[in-house]
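Look for chain A in each of the two complexes below; its partner is chain B in the first and chain C in the second.
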Partner chain A sequence: MAKRAANSVVKIDAGGVLYRELNARLRDVASNGVQRIELQNVYGQRYIGTDLGKPVEIEVFGTPGNGLGAFMDGPRIIVHGNAQDGSGNTMNEGEIIVHGHAGDITGLSARGGKIFVRDDAGYRAGIHMKEYQDKKPVLVIGGTAQDFLGEYMAGGILILLGLNLNAGEYHTANFIGTGMHGGVIYLRGSVEGYQLGKEVDVATLEDKDYQILQKFVGEFASHFGYDAVGILKHKFVKLFPRWLRPYGRLYAY
Partner chain B sequence: MKTYLTSKFLVERDPERCIQCQVCVNQCTFDVHYYDTEDDEVRSREENCVGCHRCVAFCPTQALTFKKNPLDYRENYNWRPDVIEDILKQAETGGMLLTGMGNDKGYRIYWDHLVLNASQVTNPSIDPLREPMELTTYLGRKPDRVELDRESFNLKTELAPQVKLEVPVMFAAMSYGAVSLNVHESLARAATETGTLWNTGEGGLHSKLHQYGNNTIVQVASGRFGVHPEYLDVARVVEIKIGQGAKPGIGGHLPGEKVSAEVSMTRMIPQGTDALSPAPQHDIYSIEDLAQLVYALKEAINYTKPVAVKIAAVHNSAAIASGMVRAGADIIVLDGLRGATGAAPKVIRDNVGIPIEMALASVDSRLRQEGIRNQASIVISGGIRSSGDVAKAIALGADAVYIGTAALVALGCAVCQQCHTGKCAWGICTTDLALTKRVNPDIGARRLANLLRGWSLELKDILGGMGINALESLRGNRLHLRGVGLTDTELEILGVRMAGN
Partner chain C sequence: MRNLSPMNNPYRDDKVIDACSIFGVMDTSGRRFGGEDVIRAIANMHVRGNGLGGGFAIYGLYPEYADAYAFHIMYLSRKGQREVEAFLKDGFDLICAEEVPTRPTPGIVDTPLIWRYFLNVGQHKLGEKAEDDYVVDRVMEINCSLPDAYVFSSGKDMAVFKGVGYPEEIAAYFSLEQYEGYLWTAHGRFPTNTHGWWGGAHPFCILDWTVVHNGEISSYGINRCYLEQFGYNCTMQTDTEVVAYAVDLLIRKHNLPIEIVANILAPPFWSDIERCPLEKQKLLRTLRQVYGSLLLNGPFTIIIAHHGEMIGLTDRIRLRPLTVGVKGDRLYLSSEESAMRLICPDLDRTWIPVGGQPIVGSLGAPLQPQPATMGGETI
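Take a look at the complex of A and B:
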């Protein structure tokens, strides 16, 4: 099934292979010190990259299943196709680069690492991302996203670029940042007040925000062949939590 | 308008005995005792007294006691004092009422309506002092059938990961942040010494306790606090927490003031921010989604340890449990109506969920009917008070039990229900470093180990009296139970006969 290529790229044909078998194979290959793996014919196999624990690079051709890189710690996954739900669930370290769309709860509870989605993301992207000291997850979505973007966000950086919106089209997500109590969302284009959760406020960007955007939009652009300067010329808004403790006043005593 | 809340207790200080040493002043965390410098006398503000016994226990001359305050409202079965006072508190603040510990209302405690059997004449009882008795319990998925190699008699069937317990009693999930690190260390060391497991709760595992990993259950809950590869690696069991008996369907808010530097490090969130656990896990909206997380975790731990799923016992527990087993849970945990908490809205704690005895009996029956009981172990929690309760739970179908409150009582807790205040005078449910020192892990671990030793001896006595020498023979054996004072419907759900029948 796998051939050790001269440049140490291992190619695996995932066609018809069950996820458990495929992931066992990946564990095996990664523990042999292989740096790069190419997965061909991926048809919905789940949890790719989950238990590898080292910075191996995995190129996925096809459609990986739910939980891509769940609990992941180190690998870099490049998907040539669309990702499904729960990519980067509780991810600790590593990178997921999706040349296509990503499904719901992308980056759920991520505590580190980076996720770049070229096109759109589904519902509740970036939900409950959190950060601690130098561990700061980053989620960049090139297109637009569905409702509850950044819900319950407790840390990290979420960037929504809307590159596939035509002139006169807007982000349509509602309840953006509901329950947010940490981290920051940068949204390219404009957003109406009714689209925001009541725990978020809007601010104009400062220099340090642009520095953050330059870094991560720059990385995004280099992954997908966009012009970062052009993207950054457009207007951005910054969404931030109004309170660190949104629910501090619920209780009698 | 002035709200007057009746003092719960009257503090009595015997002036003959009191030596004005102020130990009570220093020990009380609720500002009851104070030293009046002008009069050179220790006095009390009894309206603050919560009845935790700390001062009484530490008074060197036994000068202190307290009594229930006789000041009452006009007798009324409906408008009881607690009902009136809750309304007053809410009229004052406009907030939800918070409380700690488990449901303190008078719902029927079925353990007290179940009695155990013993051997008389027709079969001999066994003396556990002189004959081997076995409490060993294995948690984890069991195969549908086993196959032996005909030559070597070795097992041919590949077994799912199993966890061996020397005692069928584990320490329930109590997170670091709710309880202190010294409590966690006491639990971890006692579990290791006794050959059982303790549970981190959802606040992560302090790196100092990684050495006890082999006796540790780590929790993955909706907040995913402190969940990272090392956390999953060091554990013996990974438990997905869906719900908790004290607050089914409710998320958790660890208030920012409890998120100290150390708690912040273990939970991996910034100091001083609220740790919010959403009500649902947002990757689980169905049984299929649960299966997805179960197997994500199994992949993350490479199928080397069991994955447990914990739910609060609610109306449809039996159907839900069936789904959980089919979703790949190796252990299912049911937490009943009387399960305790570090903080929960009082209205939820006191009104939501079903008694654990009913949940256990119905889940065990349902899984048997469906022929999948072997696929998961059942662990129950929520109000287990003694080895008698443990024996009855095992007979009703549990593989093992968790104890939370009972373990804390072993550490000094007087069940004063002030856990949510963070002021625990016994230093248990607090992150105040001045208070957490009150639990000494050397002593705490010993007391917890003592408790489990005592219960083990009692369990062996119970088994011996029944004429059986292994806990396995009692498991799910409801013929060893009889009901007292129960209705036909209650007996039917519990699957036990009426005493005398």
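Take a look at the complex of A and C:
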């Protein structure tokens, strides 16, 4: 199944391999000190990158399955294609870079690491991302997103760039930031008030916000060959939670 | 006795959480094709299901009997078969009757009898009633009144093949690689609220309408009560059955276009309706008043099919996945993109539709225009 190359790049043909066997193989290879792994013919194998615990680089050719990089702690995954649902589920450290679009619940419950999606993301991107001390997940979406972006967000940084929207065109997602009680969403372009969840408020950006954007939009642009300065020229809005405990009184007597 | 669990369950799972898989492909030019690719695609989503149901619907299947109603009927006893065959001879012109060919397949056990019949209504129907209505009534009569018999499909030039097993096993059992059609839908089941039995596998069918579904219809009770007023009786013990009858009622009987039907099954929220232009508000409010009992509550992604059309639809907040792919004249709908890519790596385009908005492929009609994709020109 695998060919060991001299420069410690390992190529694995994932065609027809069950996800459990594939992930066992990845664990095997990563524990042997390999730096880069190329996965060819990936068709829906789940949880790629989970349970490796090393900063190994995994290039995926094909369509990785649900839960890409779930619970990931360190690796960098580059997808040449689209990602399915649940990428970066509860990831702790590492990077997922998608040269295409991503499905629903991208970055769900992430507690660290970075996810860069070149095109659109599906429903509920960034749902319940969280942060603690120096652990702060970052999700950057180049296109637009569908409803419930940043739902129940408890921490981290979510950046939506809307690069595929035409001038004057708005994001169409509704229920943005519903239940949000931590973290921040930076949104390039415009939304109407009704598109926002009841728990978020809008602010203009301050210097420290622009520093954050410069860093992560800069990384986004370098991954996909865009001009960060051009992207940052446009107006951004900042969405933040009004309350840290939006439902604190809901169940209290 | 030898402990078989390491062999049957090498990972020692005590609980596996999964979801149904659905897949559909339609050649909008009407060209028929074999089942190999569809079987590979649905098998690629094997881990979503748990082997308690698999099935396929095929359109353009029986060109030699294209004008006859093709009944596929499951029998749980020979007595059931005798009674139904007498009933069919009494109510139809019987052109042909045969057992559906099967072959022994590992994993497929406790198999019922499955027969197919090609039927004409001829002089049998009474009065002004349309032939299709006559057939619906007969199907309901068999399902409700005759023992040990369930009609799996009842349309012309199409059929449903389904049972308990993984979809690729069901395909092998019925030798589906030997059939051709211009539209195929497929389903792998992970039963949630009802048990896995042959009648509860998807697709569900009435006339040539079929539905495969991922999710659960929590409005099943109220939908079922409403449909009973129109003569549809639910007998398959699975929520999805109501969707097949609902589309027959709304599209065939009430002659509503699919865009309206989507607004009935997955209506916009009241808060969305309030922001619509007045005329549209009036329409949407009227639909919710007239057809409120056909609103499908709960998470769902469905693929509806009938002759000439394949429709993908999700609930309005898209709690179950659906991906669309297009290649030339072919429209693909799938729970996961990887299944489409496996059989068509060079799709022209692929996208994730918005909840509540139908994706429609029609015979002879060009496929929907490409949605906005990453351009970068506006930077």
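Criterion: the second predicted complex is superposed on the first by the 250 of 253 C-alpha atoms of A that agree within 3 Å, B and C clash if a C-alpha of one lies under 4 Å from a C-alpha of the other, contacts with A are read in each partner's own complex, and residues count from 1 in each chain.
Convention: contacts are C-beta pairs under 8 Å (C-beta built on N, C-alpha and C of every residue); 3 or more make two chains touch, one makes a residue touch a chain.
Everything quoted here is computed from the prediction, not taken from an experiment.
Once chain A of one complex is fitted onto chain A of the other, the partner contacts of A:Thr90 are limited to chain B, with no touch recorded for chain C.
Using the contact criterion defined above for the overlaid structures, shared-chain residue A:Tyr226 touches chain C, although it does not reach chain B.
Of the two partner chains placed around the shared chain by superposition, neither chain B nor chain C is touched by A:His171. When the two structures are aligned on the shared chain, A:Lys135 is found in touch with chain B, with no touch to chain C.
Legend: residue contacts after superposition of the two complexes on their common chain; A:Gly179 is shown touching chain B, with no touch to chain C.
Of the two partner chains placed around the shared chain by superposition, chain B and chain C are both touched by A:Asn66. Of the two partner chains placed by superposition, only chain C is touched by A:Tyr194; chain B is not.
In the superposed pair of complexes, A:Arg46 makes contact with chain B and with chain C alike.
In the superposition on chain A, the residues of chain A contacting both chain B and chain C are 19-20, 46, 66, 85.
Per the touch definition, chain B reaches chain A in the complex via residues 89-90, 92-98, 220, 222-224, 227-229, 232, 253, 255-256, 264-265, 268-270, 272-274, 276, 278, 282-283, 292, 295-297, 299-302, 345, 421.
Contacts from chain A toward chain C in the complex involve residues 19-20, 42-44, 46, 62-66, 81-82, 84-85, 101, 103-104, 118-120, 122-123, 142-143, 146-148, 163-167, 172, 174-175, 194, 226-227, 230-231.
Residues of chain C touching chain A in their complex: 11, 44-45, 47, 271-272, 275, 317-318, 321, 323, 336-339, 341-342, 350-352, 354-355, 372-376, 378-379. Within the complex formed with chain B, the chain A residues making contact are 19-20, 23, 27, 46-47, 50-51, 53, 66-67, 70-71, 73, 85-86, 89-90, 92, 105, 108-109, 111, 124, 127-128, 130-132, 135, 151-152, 154-155, 179, 181-182, 244-253.
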